[in-house]
Amino acid sequence: MADTYTNPLRRRLPDGLIPENEVARTEDRWFAIMLSMLGVMMVIIVATSALGALHPPSNVETIDPTTLHLGGEFAESNLGTAAEPDGSVTVRMIAEQYSFVPACVRVPVDTPVKFRITSADVIHGFLLPATNVNTMIVPGYVAEVGTTFSRTGMYEMPCDEFCSYGHHGMWGRVEVLPRDQFPDLNPVERTSCEKQ
Amino acid sequence: MKNSDRLLALYHFWVAFAVFLPAVVLGAWQMLMRSPLPAPLDDTNAYYASVTLHGTAMAYVVTTFFAMGLGYAVIETSLGRPVRGGVAAWIGFVVCLVGTVMAVVTVLSGRASVLYTFYPPLLASPWYYFGAFLLIGGSMIWVVLMIYNMSAWKRDNPGQPVPLVMFAITATAILWAWAASGVLIELLFVLIPQALGITTEIDAGLGRTLFTVTLHAIVYFWLMPAYIAFYTLVPQAAGGRLYSDTFGRLTFISFIVFSLPVGLHHIFGDPEIGAGFKFLQSFLTFFVVLPTLLTVFSLCASLEIAGRVRGGRGLLGWIWALPWQEPMVLAVALSLVMLGLGGFGGLINMSYAMNNMIHNTSWVTAHFHLIWGGAVLIMYFAIAYEMWPRITNKPLRSKALARWQLWLWFVGMLVVTIPWHVTGLMGMPRRVAAFDYSDPFVAPMGPWVIISVIGGFILLVSAILLITILVSSQLGERKLSEPLRYALAVNPPRTVPASLNGFALWNCIVLVLMVLAYGYPLGQFLFLKSSVPAYDVTRQAVSTEGK
Amino acid sequence: MSSDMLEPRVPPPGGTSAGAFADSTLQYHVSASAKIEHVAAPIDAQTAAEALKHGPRGALVLASISVGLLFVGWLLFYFVLFLPRGPVG
Amino acid sequence: MRQLGSLRSDNPWPIIAWGAAAAVIVVAGALGFGFLDRFQQGGPTLSVWNAICRGLGITADIGPASEPQPPLRTPTRIAWTGATHDRIAAGNPKRGELVAANCTACHGNQGISQAGIYPTLAGMDAAVIYKQLDDFRSGHRSWGAMSAIGQALSLEDSADVAAYFARQSGGLPATTGDRMPASGRSLREADPAQRLVFAGDPRHSVPPCSACHGPGGYKLGTPALQGQQVNYIEEQLVAFAQGLRQNDISEQMRIIARGLTPDDMHAVAVFYGVPTGVPRAGGLALR
């Protein structure tokens, strides 16, 4: 067996006491097994990502961070949760040294939620533990990440990227409400978790 | 070894280890800081300065000096002739050292708390950037010397295979040149002009994308000395021979080719890169796993030869027959366990959308501490134990102490990183100076964090032990030592195909892959209008400049 | 402690460092080091071949088990932890 | 380059390597740009052409919210653009001194206030003074006589007077970012003021005050607080919390003040401030 196997890629390699063919064959076999293992993983990633439209947040969109408050999408009157005609909701937020604005937003459960966040100054991060919501917030760009919450409750929202000396104090919150409670909220109640 | 070359290697190693110990002290203090336990000098600003210093020291200083020292030792021992360009090597040493001092002093003064990954538009004192530039730029002298020594030897020995260890360390140098290009360009064209006030705005996305060119390949630059030990030192320490020379060459080549066009997987969460390129680089990242998977097998096979020769029987009986009293053999086993666990974390990180589950949580910190701080560093220790008698002509003081040191490092690293993996999955962000453990969300992480602090102090004990062993050995009695020996393959190749004996082909492939993987992601910044004002962490903005 | 010194390394049964035995493969030592004194061949090629006469079976088993664990772990993380955390994009 | 030319049979690697690299790039590119990018969260499946654009990062679905926009409210007219910086930097302190003659009645000689409700201006960052004056002018901030005074000042006057006060010593210290580490500056600290100032209160979305107001930290548009009037600090915190003052860009202070209890506000004000009438030694009221 060992003598009849000749790998065309390994011709003219030196021969030794253990037939080089034998070594080459073992190596090739191991290489093939490893390649197929990685192949299986890649197939799983591609299939699930296609079926569930799973992607890392990758919306490339630029914005001027110095004039956010003067008007446009991220003016303070426009921040927070907004209901879209198709039933989904969009949450607009600013991350700044060292707060999320608003510091707490409310969204309905089992509803597509799209977070659109931008930074007013430096790099921040946005992470909702126990979900896959996680994006960097780079000044000059609008980060966009979508998900659907399947569980109600209060989600902590720490800044997960170093943004200078106050970084550890930068925590916000997202409260996921039952679907039927959400429409009753007025716009102010949607962007504040204080008891009304 | 020629005396001057011996000193060259020794000085490089000593800078690495002299910086290493205080960096471990900082690490241990940082762990205490972010835990629920009391901490001395609990100051959150000091924490961020400390993280910057810990990262700068470990990522740039320790690794670069260690690799440079190893390179010079390898030239002499593998090519069998003195280092050519010794003066240039010393100049490089001094430049790197000046850069190190400059960066360290600036961070200590609190004027550069921007972390070693720089994070524009945060802006540090220009001296920090100058220091980093001199350190990284100075190591390019080493890169040139490695390539020069290898090609000079090849010219003098036509048709001969370059010794595997020389091939591997030159591969490391070439990889470092490619890797460093990203950070050097970022420093030169983005950060330093801004810090000097030459430019008024900075593109954070451009800075981050450039840094990712460095960010993954630098990890393989750190890793390659460990792999060099796997292939060329471990088999002989175990008492056997290298299973396959070709496998080794292919492994080091694969690292050059596949560790470069994959850096975007570090910024899967960033908004400045399109999803297509993120997937492309995620896909390529899968191939950088291959050389490690090949090495695991090749290494096991080399050890199996040794174990069987030493009388090991049965399918796995050879494992027990290995000479475990040898620090190198012990280190490789501990290294492989940590490589496996850390590699597992890496598989999660690189899997496209799954990265979102753990991006920028303490999971990531755990991952790279296991890989670099664990699997790689423990091999640095073993290499140092192997090298010390050869470059000082003093025998190692105690192998038993060395074994203790390795075990402590292994246990400490696991105790540190396993809790970090757990808290990462719970959603604990990284690089945070202080947590409010009375918060019901943070509270359950408290016990895990406390366990990891214990590990941090085990690591500190191990680091102190390492320095003790090295110093006491060096102060010991002079004794002629055996020369450093590199493992011969079972089938030593008489000739090697040209492509496995040089890097021209592979550099061309890297160039093409880099253009394809990074051309557009970097080129887009020419037309994206995304420059923003910088935030200087050291002084007030323009408004009070005239004061 | 003194018996625990690094050197000389205890030679394993069947051989010692390079040059101590007649081994035809030693003449091709350049792939390890150009200088024979820096070449480690504690066993001759014949002994190594003997040790591997059934191929590196143990190494294959050991490496397969470790890599297999990685693979299974990855599958578990992907399907049990990642996907239930909800969609993202 | 010698290797590249040698496609002889004893070196199959160039063919293997180029072939493998090409195959990997083609497969990855086709999957990434032509297939996966077609699927989007909460949106229709894209055509291949749009998917490629999305893969590159060229997105077409950019636009404002589709629901009726609430009426626009802006906190200030000032934005920290280069033009604003240039205008502030052009401030003439000599001319500012003449303008400042109108201010000393309330804000004290050289801008060092002796009355609790009036802030000390000496040493305050010129950008801060400039912005507040403009906010008084535009009505985004209102307080007694200041609205009328703001309207009486031109942009140039504001820049000049800001430059003048910023250069006065004996009031607020300059924040340089330099600070020696000291104990008791983390969440472990028992003293509530010290804890809030140096570590904040993450549970209530309160970052550490010192990160922007010093000591040690600085942020554009943020006044240094050491040596400010206690009453003034506390009053402003209450005003931010209750929405009486809304001229902070991106709700910066309103968010934080809402997370503070009245006791917190008082503690922080006392920590930073100098009680009215206490003479300042050496110019700096450092703790």
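Letters A, B, C and D mark the chains in the order given here, with residues in each chain numbered from 1 onward.
What we mean here is this: a contact is a pair of C-beta atoms (placed from the backbone, for glycine too) under 8 Å apart; a residue touches a chain by one contact, two chains touch by 3 or more.
No experiment lies behind these values; they were computed from the predicted model shown.
Undergrad: Any idea whether A-C or A-B has more C-beta pairs in contact?
TA: A-B
Undergrad: Can you give the whole-Å distance between the Cα centres of chain A and chain C?
TA: Roughly 40 Å separates the two chain centres.
Undergrad: Whole-Å distance, chain A centre to chain B centre, using C-alpha means?
TA: Distance between chain centres: 27 Å.
Undergrad: Centroid from C-alpha atoms only, then distance chain B to chain C, rounded to Å. What do you get?
TA: Those two chain centres are 22 Å apart.
Undergrad: Could you tell me the distance, in whole angstrom, between the mean C-alpha positions of chain B and chain D?
TA: That pair's centroid distance is 36 Å.
Undergrad: Hunt down the residues of chain D that sit against at least two other chains at once, touch-wise.
TA: Chain D, residues with two or more chain partners: 10, 12, 31, 36-37, 39-41, 54, 57-58, 80, 187, 199, 201-203, 208, 210, 216-217, 219.
Undergrad: For chain B, jot down the residues that touch at least 2 other chains.
TA: Those would be 44-45, 243, 272-275, 278, 283, 287, 293, 297, 301, 347, 351, 353-354, 356-357, 433-435, 439, 490-494, 497, 524, 533, 535, 537.
Undergrad: Residues of chain C that touch two or more other chains: which are they?
TA: In chain C, 25, 28, 45, 48-49, 52, 56, 60, 63, 67, 74, 78, 82, 85, 87-89 touch at least two other chains.
Undergrad: Quick one: do these chains touch in a line, a ring, a star, all-to-all (complete), or other?
TA: Its topology is that of a complete graph.
Undergrad: Touching residues of chain B toward chain A in the complex: what are they?
TA: Listed in rising order, the residues of chain B that touch chain A are 44-45, 48, 51, 113-115, 119, 121-122, 203-205, 208, 243-244, 246-247, 267-275, 278, 282-283, 286-287, 289-290, 293-294, 297-298, 301, 347, 351-357, 359-361, 426-435, 439, 441-442, 490-495, 497, 524, 528-533, 535, 537.
Undergrad: Which part of chain D faces chain B closely enough to touch in the complex?
TA: Touch residues, chain D against chain B: 1-4, 6, 10-14, 17-18, 21, 24-25, 27-29, 31-33, 36-37, 51-52, 54-58, 80, 82, 85, 88-89, 125-127, 130, 163, 166-167, 174-179, 181-189, 198-199, 201-203, 208, 210, 216-220.
Undergrad: What does chain C use to touch chain A in their complex?
TA: Counting only chain C, the residues touching chain A are 25, 28, 45-46, 48-49, 52, 55-56, 60, 63-64, 67, 71, 74-75, 78, 82-83, 85-89.
Undergrad: For the complex, give me every residue of chain A touching chain C.
TA: My answer: residues 14, 16-18, 22, 26, 30, 33-34, 37, 40-41, 44-45, 48, 52-57, 130-134, 145-150.
Undergrad: Can you name the residues of chain C that touch chain B in the complex?
TA: Per the stated touch rule, the residues are 1, 4-15, 17-18, 25-26, 28-35, 37-43, 45, 47-52, 56-63, 66-67, 69-70, 73-74, 77-78, 81-82, 85, 88-89.
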